[in-house]
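Across the two complexes that follow, chain A remains constant while its partner is chain B and subsequently chain C.
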Partner chain A sequence: MNYSLISMEIAVVLLGLGLLLADLWLAPPAKVRLGYVAAVGLALIFGWSFTFSGTPSALAFSDMYVLDPLALYFKRFSLLAAIVVLIMSVGFAERIAAGISEFYALILFALAGMMFAASANDLAMLFVAMELITVTFYVLTSFQRARLASLEGGVKYLIIGALSSAFLVYGIALIFGTTGQLNFDQIAAVASKYEDNKIFLLGVFFVLVGLCFKIAAFPAHIWTPDVYQGSPVPAAAFLAVGSKAAGFALLLRVLFTAVPGITNGWNHLLIALAIVTILYGNLCAIPQRNLKRILGYSSIANAGYLLLGVAALNNAGRAAILYYLGGYLFAVLAAFLVILIVMNDAEGEDISVLAGLNQRSPLLAAVLTCALVSLAGIPPLAGFFGKFLLIRAVLDEAANNPACYWLVAVACFGVVVSIYYYFGVIRAIYWSKDPPVLSPIPVPRVLGAALVFCLLGMLYLGLFPNHLVETTQDAVKFWAGR
Partner chain B sequence: MQDYLFYLFALLTLGCGSMIVLSRNPINSAMFLVLAIASMAGLFVLLHAFFLAAVQVLVYAGAVMVLFLFVIMLLDLKVEQRRRMNTLGIIMGFVSVGTIIAVMLHGVVATPVTPVLEVARHDGATEPLGQLLFSHYVLPFEILSVLLLVAMVGVILLSKKELK
Partner chain C sequence: MLTYLIFLPLLTGLLLCLVPRNYGFFMRLAALAATGVTMLLAVALFLQFDGAPLGPSHAFKFEQQIPWIPALGISYHVGVDGVNIGLILMGAIVAFAATCCAWEIRSREKEFYILLLLMTGGILAAFCSLDLFLFYFAHELALVPTFIMIGVWGRGSDKNLATFQITLYLSLGALVALAGLIALYLRAGAHSFDLVTLMQAAAKQPLPDADQKLIFPLLFLGFGVLISLWPFHTWAPLGYGSAPTPTAMLHAGVLKKFGLYGLIRIALPLLPHAAQAWAGTIAWLCLGNLVYCGFVAMRQKNLNWVIGYSSVAHMGFVFLGIASLNLIGVSGAILVMIAHGFLAALSFGLSGYLEQTTGTLEINEMGGLLRRLPFLGSALLLALFAGCGLPGFANFAGEVTVFFGAWKQFPVVTVLGVWAALVIGGVYMLRAVRGILHGPVPARFAAVQESDWPLRPLPYVLLILPLLLFGFRPSLLTDKIWPAAQSVLAVVTPADAAPPPGPTGPPKTKPARLVEHQP
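Right after this comes the complex of A and B.
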């Protein structure tokens, strides 16, 4: 068995333990800077991950753990997200009353969970990795316990998380009860025998519901806006990016490695899930005035767009999911970074705090505008190309299944609606009448660097998508051919 | 005999489970939870999972429940007892539970009885269980240790009295 395969995860966990220990000896101002130490550590691990690129596909730990290009993609994705989130957390440190080094350590442990989830090839691994992520986020969301909203968000996340964990574990029990297998490859080997077995189907369906909680898709999406609104900004950002990506990694593996036959038979169910999720997220976002709630509903809508790639049932769709997540990472992190900096300056998360932002800080205004434009899917930014790839993948499938045209129509309608509410925010930035304050907003240098990084990421993926598109297509092709 | 015992324990589990939700006094709910857990331990015994049954009684019915009762003792019970049930909530709850039960029943009825799967049975002894945990399932087992650490850190952070 090749233990070096999990060395990245081990390094992340050790870094987290190191932070917890370092907390004992450091003075409070030095503790805040531990976040930079963690970010640099993760950057080193990110660089180290490229030494694994050559290994085609390796299984370890009685085939529970798989390291293939798909897993590597999701691992690098989560590492990148965690680096930006750690930098955000340093900027957020003033508002966390106690335990800032524990906050960093918990982010690292959640990251370890996401990296294990990226490699899960067994239902036991799936459950354990998902619980590690979810339990960590119970704590992260309610971290500002002096704030009622934070506690409320934490409790809501806890209750719905526990409910969906119950569905997930029930589904796993039903699958194990009918097939006697937990490993994805072994389930795949026997799944064709059980395609008419209702109990087995119910098991798969319950697992799907459990995973929908993680990706914030219908029917387990209801927590999203409240939790985003209540939780500390870095936690909400990590929830929006890392946790959703981990959910999609698991969803892809379950649907297409373990039960591909059933997934193909469920094309209408997947299309319906995507349609409901897109409509719910976009329509409910229209009346919102709170920035974090808007991003919460937008997160639901984006889960719906990503489900397009699942419903397309082809390699192009799966590769498009990976690409779309890449663009989504930069856009969402940039939006949360701007919210963080603006909120450090003035209390309140209402759209009105953005009034006159273009005069107070042109950089913040430009980055937030680009992030929202990318999320809305307007060229030339990354979001447009991601949506384009997803819709094209669905249209490829439309010859076999006319319902795909409905899906594409709903997706386009969703894009139009989303342009409306994103532009409500952009209007507040540039065309507010009589902004109350016009003092410049100070942008700390490191946060500014993170902002520029996200902006460049969006522009790069939008203008030169070839490299990432090829990477994702190779990863998916390799995974499908295994 | 085994069948009768199964139905007895299953009915007990279901009945106590519903009473946990339905009774308005938190202490009563907690006590019904103890009963539900104990009858589930009975189900485990019928499956020859003796170790699991013992752990269920020792850890859940014993240790965890004592903690539950302490927490209930420290909270104000009167509010919960006086709280009116929301009619819409009750209706929605029954509808969703009913739907899930209907779907499950439909699934069970529609599924032909399949021969029992041949899985390795160890009759609940601790030795094979330990060997499985430390060989086949070693990776999830070790990840759980990180999960427990997270839970511990989280509980201390969220309950520590002073925000310094």
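Right after this comes the complex of A and C.
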């Protein structure tokens, strides 16, 4: 038993418990600042994570837990997201009536779930990690008890989350019932015997559906816009970034470590999932006027783009997913930061609130524009390079499977549609007629620093992608031999 | 040298971000200085570049290569040969002229000049680039400012529609071309986006025909949308009509040539068999540009729309030249690209000036303005004459070369094309001349006057001069173009790699000196 492998998770959980304890003794104004303490703590853990190399990959807890470069990548990713989200939460504190320390602690517990998910090598571990994330998010999404929209979002998330957990656990039961195995490596060893077993296939399919809930992909995507709209801004941001990334970590491990043979046979299913998700997200985003709902639908569309990397069935695709998530992290967090600051000022989330943002705060206008442009996939920002890598990976596979051309065509179509609705927002920022208010928006210094950090991240990944490309290629290298 | 050329405008643009926004005059000066120095650099580059025949392997001058994303075989690789040297010169001159014409912008000057400089740097980088990724990246860098400029500083009531239309059309075109470029990278199997590496790989082992037949349509359609190939041209007149003058000048003049340049630089040498298979289709499609868009231009009542459609129509010549796949045709196509760049920038610059002076561009409302506006009128007259292909302008040299080149393969198309160029082009250009410059002066224009600022004509003079210079001495360009075009075509039609056939070329464009250069 090697406890040192989970030391980062232990540190995160201890930090969360420490916050809950500190809450008992601190005066209310000091409680708000606990968020900074947590962020600094996470920053230290983030730095500490670089002392782990993950090579050779190490297993622990009867091989349920694996620490390899892929797991480390996702752990660092979640830590980074959580740091920014905690800073956002401090800015959001005044709108949370009570229990801000619990809010911080729940973010940390969700983070622990994401970090365990990054290392899951066993269906039981997968289920526990996923439930840890989902259950904490049930609370986080409905944290503003006095707001009806928040409660509505929470209930929707609860119902669909429970449904997909049911699918997931049923699927795990079917897999365990047929093969007698829970460990990914052991399932992989026997999976070839069960490739014709309908019950086994049904089990894998149910697990896939359960994971689609986490990544907000068809067929379990329906909750996304409502929950993004209703939940507190930091919770929505963490849901959009961290939860989606954890879902992809699990999806990659299940599909390519546990059942690679079945995944290869299901290439058309994966292509269809990606196509439907891209079309649904992008087309439904067109008529939206609420900025958070636009981001919700764009999150569905982005899940579709990320599925491109899964459907490509090659290492280039898996590396592209990791890269794309990196660019997505900065763009989405930047967009939610701007929403947090602007909507703080004006109660309402309609695009029209953004009118004249250019005059009110050039920094906010520039950052939101860059975030949307990056999400749309236009150079020189990170999103472009992510899409470039994904399309490249799919075209690589197209030599074996001509259906991939359709996938690329739909992806290109989706990008053009997304440019349409993102530009609608940008137009509101820069050239809407007669903006109603023109008072400057104050940007708190810490939030401003977080904004600049996200902006630099987008630019760095867009202009100098080499370092992250190499990191992501290393992280998925272990699949090459399989 | 090329790197200075590219990064001077880009870095100036970035530095301007730091200047407070009430220093509008300083921004203008800085932008003028940056584009002016860029132009001088480009002229120096053009003069230094000698058109000496290149060896059997396609060699580039002023090459520079710096690894950028080695994990994917992407590098910052720039260089020039005869195909792009003229385009770079043209781009730099147009960029300076456009910056001069940007005086009309009076709001949010800071953002405008930053975008203008980014666009200039992007354009030059795209034309210098010898790496497929850099090529695309730089094009997008230049394209995105176009959308923003039309949206924010655009003219007319349709500017929102124009912004959306041009954004969606061009993004789609660029994406399709990107898919083609990636497919090309993957199928070539060289694990490199580097054009030189790809060409060497293709020389050893050409791509299988099946792959070529797959990739060429992607590149052709993607670039075709960017070039406003019929029937994907509808974004162009509306977009140019709504764009602020400097943007229309830069986009119609230079950026639009990106797609054509991509076809000649990438599609022809790397996908020769597919290019041959598609040549017939391209030739017939170009009639859509030449004839259909020419007819549409005849019906227009607004000068900007006439110029917009005529600029779409002129793209037909270039397509025809490329489709002919022989030395004369392709050289002619490159010549038309350069000439049309000057011409389009000149026309849009003048129409912007005219609108500023008279407040309208409706042809029916104007008249007799040659008397009121002597310089502007004469310059417009020259531009419109050049547009209908009058000898003495570079356009004539290019167009006639294209027709000579295309005659062998596509006699029917060529006849129709000549007819379109001479008759249709003549009709709408002369109509515009009559409507705007001749006849009685309407009362409301009795008092209009040109700006009395002595430097106001500078950008237009700068654009007219090369048109005339290259019109009377096309050999200044063709001497540089021929060797490069020859090595491009050596891959496509090996038979043509032999010294070009004697008497088919027009005397002007094929000077005797050229013969000495043949190996």
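Throughout what follows, the second predicted complex is superposed on the first by the 476 of 482 C-alpha atoms of A that agree within 3 Å, B and C clash if a C-alpha of one lies under 4 Å from a C-alpha of the other, contacts with A are read in each partner's own complex, and residues count from 1 in each chain.
The criterion applied here is as follows: a residue touches a chain if its C-beta (ideal position, glycine included) is under 8 Å from a C-beta of that chain, and two chains touch if they have at least 3 such contacts.
This is a predicted model, so every value here is computed, not measured.
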Which superposed partner A:Ser62 touches (first chain B, second chain C, both, neither): first
Contacts of A:Glu470 with chain B and chain C, given as first, second, both or neither: second
Which of chain B and chain C A:Phe143 touches, first, second, both or neither: first
Contact breadth on chain A, by residue count: chain C or chain B: B
First (chain B), second (chain C), both or neither touched by A:Ile339: neither
First, second, both or neither for A:Ile419, with chain B first and chain C second: second
Residues of chain A that touch chain C when the two form their complex: 373, 378-380, 384, 388, 391-392, 395-396, 398-399, 408, 412-413, 415-416, 419-420, 423, 427, 430-431, 465-466, 469-470, 473
Residues of chain B that touch chain A when the two form their complex: 103-104, 106-108, 110-111, 114, 117-119, 135-140, 143-144, 146-147, 149-151, 153-154, 157-158, 160, 162-164
Chain A partner contacts - residues on chain C that touch it in the complex: 68-72, 133, 136-137, 140-141, 144, 147-148, 151-152, 160, 163-164, 167-168, 171-172, 175-176, 178-179, 182-183, 185-187
Interfacial residue positions of chain A with respect to chain B in the complex: 6, 13, 20, 60-62, 64-65, 97-99, 102, 105-106, 109, 112-113, 116, 122, 124-125, 127-129, 131-132, 135-136, 138-139, 142-143, 145-146, 178-180, 197-199, 201-202
